[in-house]
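Sharing a structure, written as structure tokens. Questions coming.
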Amino acid sequence: MFFASDNAGPAHPRVMAALVAANQGYAMGYGADPIMDQVRAQLRAMFEAPDAAIYLVINGTSANSLLLATMAQPWQTIFCSDCAHIHEDECNAPEFYTQAKLTLVPATHGKITPDALHAKILAEENRGVHGPQRGPLSITQVTEKGTIYTLDDIRALTRVAREYGLKTHLDGARFANALTALDCAPADMTWRAGIDTVSFGGTKNGAMGVEACIIFDPDLAWEFELRRKRGGHLLSKHRYLSAQMQAYLADDLWLDMARAANARCAQLAKGMRDHKTAQFLFEPQANIIFFQMPRHDHKRMLDGGAVYYVMNGDPDAGDPDEMLTGRLVTDWSMTKDSIDQFLDLLHG
Amino acid sequence: MFFASDNAGPAHPRVMAALVAANQGYAMGYGADPIMDQVRAQLRAMFEAPDAAIYLVINGTSANSLLLATMAQPWQTIFCSDCAHIHEDECNAPEFYTQAKLTLVPATHGKITPDALHAKILAEENRGVHGPQRGPLSITQVTEKGTIYTLDDIRALTRVAREYGLKTHLDGARFANALTALDCAPADMTWRAGIDTVSFGGTKNGAMGVEACIIFDPDLAWEFELRRKRGGHLLSKHRYLSAQMQAYLADDLWLDMARAANARCAQLAKGMRDHKTAQFLFEPQANIIFFQMPRHDHKRMLDGGAVYYVMNGDPDAGDPDEMLTGRLVTDWSMTKDSIDQFLDLLHG
Amino acid sequence: MFFASDNAGPAHPRVMAALVAANQGYAMGYGADPIMDQVRAQLRAMFEAPDAAIYLVINGTSANSLLLATMAQPWQTIFCSDCAHIHEDECNAPEFYTQAKLTLVPATHGKITPDALHAKILAEENRGVHGPQRGPLSITQVTEKGTIYTLDDIRALTRVAREYGLKTHLDGARFANALTALDCAPADMTWRAGIDTVSFGGTKNGAMGVEACIIFDPDLAWEFELRRKRGGHLLSKHRYLSAQMQAYLADDLWLDMARAANARCAQLAKGMRDHKTAQFLFEPQANIIFFQMPRHDHKRMLDGGAVYYVMNGDPDAGDPDEMLTGRLVTDWSMTKDSIDQFLDLLHG
Amino acid sequence: MFFASDNAGPAHPRVMAALVAANQGYAMGYGADPIMDQVRAQLRAMFEAPDAAIYLVINGTSANSLLLATMAQPWQTIFCSDCAHIHEDECNAPEFYTQAKLTLVPATHGKITPDALHAKILAEENRGVHGPQRGPLSITQVTEKGTIYTLDDIRALTRVAREYGLKTHLDGARFANALTALDCAPADMTWRAGIDTVSFGGTKNGAMGVEACIIFDPDLAWEFELRRKRGGHLLSKHRYLSAQMQAYLADDLWLDMARAANARCAQLAKGMRDHKTAQFLFEPQANIIFFQMPRHDHKRMLDGGAVYYVMNGDPDAGDPDEMLTGRLVTDWSMTKDSIDQFLDLLHG
């Protein structure tokens, strides 16, 4: 009953097998390994973007920071939601890499609306050299709240950004969970909807630790490479990143794992829906549930062996009837039984 | 006959097996996994440093940059050799992380002498707020030229540094190769010789990609943790770093691999010693050989299938008798036969 | 009728005379001039802070940025109001110097309330190494909206900050205007109220271009000096900063100028109070007025020769009855007649 | 007898008069003052560069750092002499602003030779993404050693730089002293010789504190403006920078002052030439003399009231016959008598 995070689960055995298989003899380092050639070709084909620059890094923080640094200038401000991972959970890494600042757009259920974005863009206007200059937009899909931008949502946001000459980055730490939920092509959710760069996550969805950075404008490629090296994010034994990504993509493993995670989440949501005190903050759409429940119920769950984060208070101390927010995250490795076990405990 | 670099070889099968073994069920992320507890205890015991702060990162560039950033201030200069990896091969990563500058001390056979260090320290004096302030010393062991500082060498250098209140960092990308060559304890080569922080390398010696950052003064621990996160170098699925390091240390695997690499190098050196044209630039001491040979001989070797770097000229174009420098690096995975094959080609 | 900014007016003739007087013969540079010794002693006496470190720089942006950089770490967030000059008008200079980020506390009439501060401090809690760490508080006195924190207000804010171990910076670009309005001692408005560092403004109040940086904890002095030099803000011919500050402080010139500016503002406010359409956004307290008025009235004023900023719309285009906000700033050099002239035009 | 530095002398009375004259009524800030329009036009005409972007800052460190930051990328290295002011005397300001590193080219008598530059450029080659990338060249004219690059020298250096696609910055803190010594046009010594940007010094040559940043490629203008603001180097009361520069240029005051400084230096050099122990390190060419003399002679001069720096030892302690290097700098305000007084003391 481990629902704390999708980065706490194991990697898929096929990913591990690929690592072992790649561990034969000598291989050129730093991205010049032959497996990377295949990965590059495969991602380009998959994204219908034959010219895209493709790079692998170890985690989402470095993917986001390096992509944004390649897109933003130090005197700009990056527009993102007020619950964005790049704002809340990366200890100033985006600021370190970009030297820019972040402008927080108030999010509704984790999502930025075009109007809210527009208002913040306008608020940064008219101060000439004095104010920060408008920089790129960064959105997260699946959002940090477990909601999903529709293709129309994304198009509407990038349209606002483009009106002001701004590029858009997609933090796709849970790209696969969104894609399978929307049932669309990678290109639909990215460049065809106006996205310029993508952090294409693997780590939260069954890889050991790998994310692809996808840059649709190849003119930015060399700068990205230099920034990656300067950040200490270019691996000498790069083949072990390549092998993970290769296995992750092969035979749609990545989509199967995301579907499994989403299905477990749906199973969980269905089972919680008729609970007497638990209430969803908003409708779960991928593999994350935010819900409210009295403290004493949270305490009972945690004491009973469920593992998840209670976001806004100590489950052990305080008014037992106070409503606290819990977050449940499912991953590919979760069994139907473990969900049932959780639900039994909840309803018991 | 692959002698290009020790980071091009495979990881040891026991390292890979440890990864697979660690891939079971859920584990807390970000360094809170139980394997890391064991690694921490083991390295502290091994270094006879019960209070040392111990962290794992993916590669040497991040280890060096993060440790130096924790030791140096942005208005300081870091003393290092003029062939230091942090100067030549990290694309300004140390400058990015520290915001400091580097003062290059002329190296003799890759090694800084106390006199040369002293002269550079003195040269940074007497300008008050105007000049860069003196910052830490960083030395590399095994040096980038394949030579080794004796314990006396290290003690003499750190003594000079301490006279001026400066701390010392050891870039130990090839720590194991040096340690086995010197046949001493880790503490002897580090804190007992005046070293304050160590990049303890695994990647070049049979790991997949892991280095330990060892900080003997635990007061710096929290700052290091924040800098690591801010640099994007804290892994969510940290257990896969821990597992590598655990297997690397277990049953002295790391020392066995270093001994094997050094033995292959000695075998190689012995076989080259009586060659008619090849000359060592300096006596090989660990697992790296720098040697001079006429261009036509290099060309013959490379055409014959040997893989290594020719440092100062195109082996294919130019005066066939011009002497060019080659670099040969051995690793744990190399067979005696592959060395013999190279020597046969050389002498043939 | 120039009400655009208090940094557009002339310097006081006594400041200019001091510059000319200082321009005799040779003087040691970089702050070692004898006039600086007097300035330092005078500010220490005035602030009843015999150990305070005192430095001069050319403007408020550098004063704020350098002080905050000396107080904050790159992995922290600095708490400030959402209309703070350091956020809105310094083109990321604070981020450049501190490498930290800013957390915007919603302001009421330009002022942060203890509750709003507390809420934002709490919101940065509980994410360990993942979130930005809590850094110093920065407040502006007079605020960017022309309002003033009472001594109780300041004490209440610094008390909240101190509860969490946070230091407080005072952006006193209009320090004198606030001090004369509150009629208190400099120490009352600063260290006795819990302030740790002060940007003590001269430029907006009759100097040519000089601000004092006052650091009550002298342990931070050397770091500040290095940061100032590294930022290019240490003047070789420093005596011309010293001379300005000396004349500014002599015979309470600085207080007289602030009183004059405030008095002109009061005269202006009184004359506007009974206007049929102009309405204050909040009660003016120092030398700045924010007021609303229909577009056609703004247009009439601007066409008639009044110079001031209309903040939220084009005065020349749009619905003539739409209410737009204007900002009026008075300075020491303004005559009563020019105020009357403005009021005549307004009421005419 | 003050020969410590040309930044310790007074500003010219006409500069001060211009400041006072500019101190009338209101003026738009931040470079939008009408005097700046004239300065811009005058410098463009003077440099025969009608499109050049022209900005004023307070000192040489900020001029150099901001110009280099506009020319260099964070992953590059800037080529400069090993005695360059940007390396030795700016406490890492160039590194702070550019985020790049410096490659020190060994200087001969303060000057970089084309061969030495070429060797260092070649040494940075061939490491792909691993090494720092080649960035701009920065040369100092007059050099830090008081020598002067001929027009041929400059052309030869920029030719080498351009071969590798590198731009060149001229640190002209003593631009006027060099120009009058060479007796050429500003364009000859800059863009016609291949220079891309110039720090055009005023402070060391009779201004109070102003340098012009001249950028021949106007495409870099907006970035420079943003960097200047972000560095805290945009003055609100900008007219006082403009007024200084206007007076400095008017009626060739700047050239007259430089000629006077150089003439005093020539007088000094002539008088020292036949001294029994004092020896020039190299022939003085502008307003700086480096000379060797036994310690006891230095001590006698300093005790007698001469003020100058002894560079490499304590004049008061040590072997009285040891040769120590002294530096003498003349400025516009020095009288013939003061030189004679110094020479009398020397020969007495």
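Order of writing sets the chain letters: A, B, C and D. Residues in each chain are counted from 1.
Everything below uses one rule, namely that a contact is a pair of C-beta atoms (placed from the backbone, for glycine too) under 8 Å apart; a residue touches a chain by one contact, two chains touch by 3 or more.
None of these values were measured; they are calculated from a predicted model.
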Taking each chain's C-alpha mean as its centre, the one farthest from chain D: A
Selected interface, C-D versus A-D, where C-beta contact pairs are more numerous: C-D
Chain centre separation (chain A, chain D; CA means) in Å: 51
Separation of chain A from chain C, taking each centre as the mean of its C-alpha atoms, in whole Å: 41
Centroid spacing, where centroids are CA-atom means, of chain C and chain D in whole angstrom: 34
Shared-contact residues (touching 2 or more other chains) in chain C: 74-75, 90-92, 96, 129-130, 133, 226, 229-230, 234
Residues of chain C defined as touching chain B within the complex: 30, 73-75, 129-130, 133, 225-230, 234
Chain A contact footprint on chain C (complex, rising order): 74-77, 88-92, 95-96, 99-102, 104, 127, 129-133
Complex interface listing, chain A residues touching chain B: 2, 4-5, 7-11, 13, 16, 19-20, 23-29, 57-59, 61-62, 65-66, 90-93, 96-97, 203-204, 208-209, 226, 229-237, 240, 307
